[in-house]
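The two complexes that follow have chain A in common; it is paired with chain B in the first and with chain C in the second.
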Partner chain A sequence: MKKSKLRNAEELFFRGVMIISSSVIGLALFLILWSIIKRGLPALSWDMLTQTPKGGFYFGKEGGIANAIVGSLYLASGATLLAMILGIPVSLYMNVNLHKRKKLVNSIRFLLDVMWGIPSIVYGAFGFTFMIYFGMHSSLLAGILTVTLFIIPIMIRSIDEVLMSVPKGLMEASYSLGSTQSETSYKVFLRQCISGVTTAVLLSFGRAIGDAASVLFTTGYTDHMPTSLTQPTATLPLAIFFQMSSPIAEVKERAYASALILTVLILFISIIARIISTRYQKHKIKI
Partner chain B sequence: MILFQLKRLLRNKFHTIWMIVALIFAMTLPVVLAIGLYYKASGLLMEQSFFSIISSKDWRPLSGHFGLYPFIISSLWVTVLALVIAGPICLFSAIHLTQYAKSYVLKVMHPVIDILAGIPSVIFGVWGVIIIVPFVSQHIAPLFGKQSSGYTIMSGGIVLAIMIIPFILNILIEVFKSIPEELTEVTLSLGATRWMVVKHILMRKAYPGIVSAFGLGLSRAFGETIAVLMVVGNVTRIPHGALQPGYPLPALIANNYGEMLSIPRYDSALMLAAFVLLIIVIIFNFISRMVIHRMIKVM
Partner chain C sequence: MSGKPKIIIKDLNLHFGKQHVLRNVTANIPEKQITVILGPSGCGKTTLLKTMNRLTDLYPNVKLDGSIHIGNDDILHTKKDITEIRRHMGLLSQRPYPLPMNIFNNVAYGLRISGRKSKKYLKPRVKHYLEMANLWEEVKDRLHDSASSLSIGQQQRLCLARGLSVDPDIILADEPTSALDPLSSEVIENKFVELKSQYTIVMVTHSLQQARRIADYVIFMYLGEIIEQGPAKEFFNTPKQDLTKKYIKGLFN
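Now for the complex of A and B:
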């Protein structure tokens, strides 16, 4: 009798610990969003979004971070596009052409997972050596190439997860009608999974836009609007980082506002990704 | 008709070749990374041996002394602290979400984990400066009877812990899901309580998976840059406690990129730091992923 009471007490205790642990995680997210909104909102203004930094911006005078917002969008779009051109074929190849060689495909997945773990600063440092080797200066192009390397494993693996769910019968049906492997890949598999693939691409886009360490060396920083691939370009995470390290209160306030802009941007992307993954299923064949 | 067939076959050929090229490119990427960094670091390695750099405490770039030891120790401090904080939280939460939680809890927690995982590291850094640094300076340091600015290893550890939570949690959930339900059901039917099932069956079965999930978390924390850089203090000294400032490896690399090219061999030293980072992370990832892939068996 006593033993069972003890057991129940233990059960209750650990149940409590578990609920607390889960709440801590929820609370942490809430705290992050709340503090960024609370500090950022008062400092946010229309000028922040539409102006480039004017003279004296870094002493608290007027201006905004439009150059960084545009720069980040350029950078992330360019990198996502390049990563798509490389990544989608690889994941299709793994799931269609190599579908009989499970061992090989699993080793590729394994390697990609390992690569996913490589920190972005290492990609940044590599991008830098690459740049020096070819005599390039820090520029939008160098940034795009570096970030592309960084998001390729992420993109391939997320698309691969989606493609894995395609029923094999669909492939057999497609072959039996005489279609080639590439037609099966692009016209059957990709179309079947288009919503999942879009979600994966958007996730990679979010990664690309939020990463600071890989662009630190390669993209540089400037106060001008980006106009060419060979010019240094400002990016949002670095704008936050630089403003944050300023001792001047007004500039710090702006860092909070910039952080709010980036957070909203990321939340917006992840909400769209969520909506697409649940809603857009027009071409999906249900078996 | 023949022309049409030919066009299709050619297109197929073209696509297949491009797929293979892309695949090979992606697969050789880690090797290329390692070679590139090593190539740059070799300038320094020719003058000093690898182990003397790793174990030297002397960091004076201007006179050519590049001892990485203080930075490696700082990295270890921050990383281990982050794991000590995040580990139990993730473990209990993962058990909660896979064994106990009702569906509405899952409906709330899944987006929470996803959003937390997607927040950029610089945002965590800003949050750390706003909330964690004052908290450490005003509440945690006085608790131990010490004065502190708050820019300490402790702050870095807490911020990192929050950052790696979604990462570890997702893997742990996968690991727990991979354990056959029959096992838990049989034990329950014998009159065991839920917690007994967790303690005796689940934990034992999932043990390798849990360890490797922590290993992956550790290596993720090891490479985090900007967020840690913003809160950890960045003082070149070997830390002796969590309430002292530290200077982890990634922060070192990120902080000095500006002056890197003006001092001889400085760039070599920093690329060597990046190379060390890459090797450590790859080794950790390799072992942990190996165990997890065995457990979950993709397809």
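Now for the complex of A and C:
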């Protein structure tokens, strides 16, 4: 009797903790969205989306941040694409070719996790020293390379995490049909994990488009539409930063509008990625 | 020894790290018959089966000695590409693992990776193998559905069709009916009996009844060793070893 009372109390306590922490997270998310929408929506206009900053933009006059929207999309897509091209083969290699070498793979995982944890400003500084070494100016290309570097651990480890869950029987089935290692990788493992790859791409893209520190030195900033890989390029996080640090109220409001644009952009891409992944997930073998 | 031997295993020893899993295994597996590897759990019968198409390569710390001859090749020491050798063997595992693609592509996969890619060629072949596995009638209208939408018994037959599609000489089966309902098990068993005129079938099982029903040749293993082997009739009617007698009477453990 006494024991069951204690167990009930324990149950109650943990349930309480769970409810509280879930509400705190939910509330935080809601407040962030609310403050962005409340302050950003009134300042949002068609011009914001379609115009580049004109002469008086930073004093609250006409213009928009189309250059930063386009720049951010270029930057994040470019970096995500590069990280995919490098990351998918690496994670497959770790799980198929290095399948037997658990120790080696685990050390690679550890190193990647450390890389994941390095703050993006460090990647920015690293990219910057590299650029100086090669005599490069801040440019879209330098930004893409730096961001690629810092999203690659995210890409590899999130794909790796789903590849790890592929049952051994599927691997044996593939080999016993006479598949090579690369056929096993690309025709079986990758298909089985397509939803995990989508999640990885999404996570990486989100980090790439939202990060300010790594692009601060490497991509630079400009008021023009990006037209070349070798020119400095505007990005949304920096656009938010510059507008936010302005003393002029209207410009500050526009910072919130920019934040709203960034949020909606990420939301939009998430939805597209989810649709793609459910489309391709239907062949996944359920274990 | 009845029939010509297809797989000749000689002095096979296998270690997983320090664990001695197979001990001096020597056996001749007859061609175009059903050989059943029988024994209690953990006796090394699955491992023995997996050495035959070198799936043991996928495990770390495996040490193999001895030889397994299939045709003219010692598959443990051959310079031939192992994927080439595996193509001559179909595998059915304990539970079916269809590939993450639709039903048609599951069967076409083996043909495609060996270079036969034209739709015109594939369509009749896929139909043929699905018919061989008694599955065609059930799936002919849903070939483009995902393989995972099939029942587990159907999935196992799909895996059989897939295994047959690479045109093997040997079918390896690792307790292929243990996850299936009695009806699906019967289908697989009957299919094996039907297929043995064309294929050499090696099946692992721990079910005595199943072995009695379909075996032509029996290998009885215990703790990594072959205790007794011989044609099924002799094995079940006049076992020579005490251990075998006990096992057949169900007095084990």
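In this text, the second predicted complex is superposed on the first by the 251 of 287 C-alpha atoms of A that agree within 3 Å, B and C clash if a C-alpha of one lies under 4 Å from a C-alpha of the other, contacts with A are read in each partner's own complex, and residues count from 1 in each chain.
By definition in this document, a residue touches a chain if its C-beta (ideal position, glycine included) is under 8 Å from a C-beta of that chain, and two chains touch if they have at least 3 such contacts.
Keep in mind the model is a prediction, meaning the values are calculated, not measured.
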Request  = Could you say whether A:L170 touches chain B, chain C, both of them, or neither, answering first, second, both or neither?
outcome  = second
Message = Quick one: is A:A257 in contact with chain B, with chain C, with both, or with neither? Answer first, second, both or neither.
response = neither
First, second, both or neither for A:F110, with chain B first and chain C second = first
Key: Comparison of chain B and chain C by chain A residues contacted   = B
Inquiry  = Between chain B and chain C, whom does A:V147 touch in the aligned arrangement: first, second, both, or neither?
reply    = neither
Request  = Check the residue A:P119 against both partner chains and state whether it touches chain B (first), chain C (second), both, or neither.
outcome  = first
Message = If we overlay the two complexes on their shared chain A, which of chain B and chain C does A:E183 touch? Say first, second, both or neither.
response = both
Message = Which partner chains sit in contact with A:Q192 here, chain B, chain C, both or neither? Use first/second/both/neither.
response = second
Request  = Classify the contacts of A:S21 with the two partner chains as first (chain B alone), second (chain C alone), both, or neither.
outcome  = first
Query = First (chain B), second (chain C), both or neither: which does A:R101 touch?
reply = second
Query = Residue overlap on chain A between the chain B contact set and the chain C contact set?
reply = 102, 180, 183
Contacting residues of chain B [partner chain A, same complex] = 8-9, 11-12, 14-16, 18-20, 22-23, 25-27, 29-30, 32-33, 36-37, 39-40, 88-93, 95-97, 100-101, 105, 108-109, 111-116, 118-127, 129-131, 162, 165-166, 169, 193-196, 198, 216, 219-220, 222-226, 230, 250, 253-254, 257, 267, 270-271, 274, 277-278, 281-282, 284-286, 289-290, 293, 298-299
Touch list for chain C against partner chain A, complex = 50, 53, 55, 58-60, 83-84, 86-87, 89-91, 93-95, 97-102, 109-110, 113-114, 146-148, 159, 162-163, 166, 172
Ask   = For chain A, which residues count as touching chain C in their complex?
value = 99-102, 167-180, 183, 187-188, 191-192, 282-286
Key: Of chain A, residues touching chain B in the complex   = 7-8, 10-11, 14-15, 17-22, 24-26, 28-29, 31-32, 35-36, 39, 85-87, 89-90, 92-94, 97, 102, 106, 108-115, 117-126, 128-130, 132-133, 149, 152-153, 156, 164, 180-183, 185-186, 203, 206-207, 209-213, 216-217, 237, 240-241, 244-245, 255-256, 259, 262-263, 266-267, 269-270, 274
